[in-house]
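The two complexes that follow have chain A in common; it is paired with chain B in the first and with chain C in the second.
Now for the complex of A and B:
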């Protein structure tokens, strides 16, 4: 990372060094927020061209996503899977890998949890739930870990491979819930057998939001510790900066790649577990809901920082929670949310070109008057 | 069910399916060959394909002319390619990530504007009956070849010739192999890559129009399930050679026809697994043809996925 290298020779007084730190941190906040606003602005123009009012859109979204206690519950329930899905993108991103198939690990993790629940239906929740979660994480970890292994051992492009594997995962899920794992009583919507009540994940006391949110936030914090405070995270960041240099330095790049992808996949699998055990009550096609794809945008907006994922995921969950009402009221198609996400995504990637361009954010350039 | 062909129906239907299903693969992969030969990768072609399917269908319905639909799809595709190309010309912007964003935007806009066109019926693209000599309906059906397939095949050979023997082909190849060499020759790499990406997007748009205007021949949100992405993977398999793309597209078309064919003869067991055959084939092909050491024969030197 270049900013570590730049700090050492800086001969500024202590106060300006603190200021310099603040400036550098500020860049990582101000630019993504600005990019988000630009995305919203472009989307507003898009709505105006259609003869729809952007003010109405954002006001309705605020009311239905964040305005009342009920809308907060809806938003926070949707936040849980998004946190895990974003981590599945952000962790491998530290190694420079672009994994976009978290949806597949999530779907198969959900099926694994549903199947384990059927097998363990006689057990008490305290034993069965951790086993179901563990099974979901193992399946998810193997799924995305395989993408990492293919990348390391065979040089297969991880972006394409992970998305292909997501399509395969969804086909596999359809096969399993309509075939071997199908509950004969699920007529209209093929599903695994419904989980008995002791095997359902409940709400956080006093919140009316299921425990997945708490675990998601915890995982974000732990992922931040892993990346920022441990040797593994440091090694991963070095490898992400320059894979070949890291290999020359003797870093075990293979285990890092496979470990980080598997960890990301395991977290996506855990999201599938919570979707089944806390939301749907059985594994079925509702698992392929697109959370995995929204997670990609969240990770990029958060610049792959696990702590930043939390507020960004809440924001986007609010837009998704509000989408139904907003679209009905304004007579907009379902795809409106996708269009908004597309504009924001393009905007955030364009902002990558601005880093280091503004003098105010780069303390090394403060003293030299020429701005170089 | 009465027919004298017995199990011969299956290979026949797969052959027919290969010709029918391969066309979108062919157009998208030819477009991607052009883009990648210039040194960039556009993963957004899945979104471009879907947008092409929507715009082609909508314009064909509104004007009554399927060919105007194809033209609209090509223009829409070129617009998305141009957007991708211009954004990637900014310094320090990652072309793979931009591709993902364009994929989401393309699908979002296609679904947004395509909603009113799910019900109406647009005119089909014409096709030619090469099966006139046969009395067997299955043979006739298999050999009903769409005009766009023939155009795509001709384009594959044309592009192969372009890369081999023309100045434009040489310019694209130089830019793709070495930015420095291209600059030394007085070329403008960013401009050429942007144009190559725009042209590639136009190809993908035409592939989408084929989906909605011939096979399956209607517009809905599930019209493409990864064909655009598979076509990008197919380019690696075809080693950036347009004629190899043609062969690979036929192969992938056959794999894509497997699920529907087996279903049509009454084999529904494991239907979803057969449906996944093209993805598994693509992944298998990627694993077999990728290499852990960085040099991939035939790969453009500036391409990020092979670095």
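Now for the complex of A and C:
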């Protein structure tokens, strides 16, 4: 602090200022965690009603998702697409936009990567892979950027538009892999031609998890820097906090909306690229596996904070990785994981109304003399 | 309908209302005699609404009691108040716009039947109307009625529902002076005839002297004076309202108008509803002058603000600043030193959940010594906020508090601090003092005046005619999307302005 500020009536001792800031940030951690626990509690009742033991469920989930090196490997490879999918929700959310159609950008990004791979099959990996990734990002960016443009120029609700466009994207993907892009040798499962080995993305050395995870984490960190540390991110936060105030300040709201939605879409497209180049080896219907939707839940749980997305995505990936085992062992229906996600989501949406209700999280509470 | 006949007498005894540690109403006893027209004066936050909310059962007073027709009344909720014949007319209309007056009246009744016999109801309504001293057309949708007619209908509705003690909450704030005179004249007549008693919340001294017979004044939750209106002058009432607080006088006017800074030429645009047009043939603001635009809200002021901030597309015409076309981009606003103070700053100029520091940084976060920044500097933001908060005396618990936790006056001070620091060439203002208390108002007006004296061109849109008259060098009236009247302050005449505001060209 400068000398001047030290004389200002507001100047508080550094300790109480820090405490105040900690209190304010704690709110953003405590409430989502509490909401998560409430979601788990309601889900436990759901299990009890069916005569199943919640304790067994969570123990099994822990074992299958986080208990062994093998389960960690499974969890972390599922984490990669979830990181990108969550960013596709979290970045536009900073502008106050609720985008729930990241699945569409991911699916089309995967098809774009697969098609580019076929066209570049003779090239070496070092050249072809970046081109495939770039193509996937451009397609994904155009797809969700179009949602932003519809919103800005025509006032179309971005939530509905992105969801409906996801269905269009999936239909388009089915059309392409069953029609123009189909490899004649793919019989049971129509796919694009398999990528040659040099065009496959390998594992992070010593991890047995593909590189998508590293890039996903890197993108989360970069997204955090963009939002928290740059003037662009600050402008986006102003627009998200109050669109009218941003316009009165002369901020270029249109480019911000279209830019942030396109960036989110590009990252979802990148997830599609990794799914094709690192997991499936070709583009096919497996791309539409619901990662885009789980990403919505992750972004909301993380309060749209890109750094918080990392641990939340790992947690949810663990639940998805474990779902097969727990459902078989406990003889539960396939949709059980979806039910769990649904309960957590409703609980997290309700927790949104509680911000600012608890005195303990306000900086004033921690001013020296007032606090205990 | 209740069977209460004739005006009701209401008295509060030692009424006190505490919210936590804050005492909103402190030992307040007022007496409204049957058939009297009682005015309740006070600054914002003086406790006027708390008092009437206690009377109507929206709040339960911490202590004290209430007498209705000299009998102790326990009012558990608004329904209980209605049963006793107490009713309230709000500042904003509570009628359903798409229904007719007759339909609005019938559905407001608590005993309205499931199946309505309209023929019988209509006959009953006509008989009721015939007994009233003033009428409102029964068969038109309420949306088609003028504001004054709507307010009359609100009052008729209360009478129809059998209410014989009416609380009027700033009933004329959305009316033209002529409409206000008409409505209040009728209300006074109803009181004189012994049909109702009235307690009217108001800010306008003129209405108190012209219509009320008694007045009570609240300050900081306490009753600080009351008496017969005929015994009091405006100065007495103002002194009671403000107590010993000293007001910052608006600074002297120095210097005259210079070169034109803002020119709006032949501008046409659609209004918010999309049905009507905004047409500003010519509007010029010179350096060193305040041009005040008076008008009833909803006559195009919001749209004009949107045009000047670049939020509303023009169908034709142009906006010039310093002689060059102006599109209100951040760059243009920065290089021409244009600043805006929109009305209701929390909704229009702040991000409510962001901190005071961040809100103060809105205008400067991306510039550093005249060049563009890419990386934010939290340290600069914080220092700047700390300086401005102390220079403009913004009261906030901390710089990290969300701006929505500040009081209205302090939100406006924070926005002023942001917009008035540094050199200002053009300032566009809308209702800067709406809802603020006396001391904040005078301080904010003084700052506007001092910006003018530093040679800024200022366009002031306000629904408060007193504010326009106090600050302006030139007065314009906006009506139906057009500038209807233009006069230098020296020749400005309230009655003429009032007529133009009401659309009487």
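Here is the rule we go by: the second predicted complex is superposed on the first by the 352 of 372 C-alpha atoms of A that agree within 3 Å, B and C clash if a C-alpha of one lies under 4 Å from a C-alpha of the other, contacts with A are read in each partner's own complex, and residues count from 1 in each chain.
Please note the rule applied: a contact is a pair of C-beta atoms (placed from the backbone, for glycine too) under 8 Å apart; a residue touches a chain by one contact, two chains touch by 3 or more.
Given the structure is predicted, the values throughout are model-derived calculations rather than measurements.
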Exercise for the section: Considering only the touch criterion stated at the top, classify A:339 as touching first (chain B), second (chain C), both, or neither. Expected result: first
Problem - Partner chain(s) touched by A:206 [first = chain B, second = chain C, both, neither] - result: neither
Exercise for the section: For A:296, decide between first (touching chain B), second (touching chain C), both and neither. Expected result: first
Practice task
Using the touch definition from the top, say if A:154 reaches chain B (first), chain C (second), both or neither.
Solution key: first
Exercise for the section: For A:180, select first, second, both or neither according to whether it touches chain B, chain C, the two together, or no partner. Expected result: neither
Problem - Touched partner set for A:122, first chain B, second chain C, both or neither - result: neither
Exercise for the section: Indicate the residue numbers of chain A shared between its chain B interface and its chain C interface, in ascending order. Expected result: none
Problem - Residues of chain A defined as touching chain C within the complex - result: 1-2, 4-5, 8-12, 17, 20-21, 24, 228-235, 237-238, 240-242, 244-245, 247-252, 356, 362-364, 367
Exercise for the section: Please name which positions on chain A make contact with chain B in the complex. Expected result: 98, 100, 150, 152-157, 159-161, 163-165, 167-168, 171-172, 174-175, 178-179, 293, 296-297, 300, 333-343, 345-346, 349-350, 352-353, 355
Fill in the blank from the handout: Note: in the complex, chain B contacts chain A through residues 43, 83, 87, 90-94, 96-98, 100-102, 104-112, 115, 225-226, 229-230, 232-233, 236, 270-273, 275-276, 279-280, 282-283, 286-287, 290-294, 305
Completion exercise
The residues of chain C that touch chain A in their complex are 309-311, 328-334, 340, 342, 347-354, 358, 361-363, 365-366, 372-376, 382-383, 386-387, 389-390, 396-402, 405
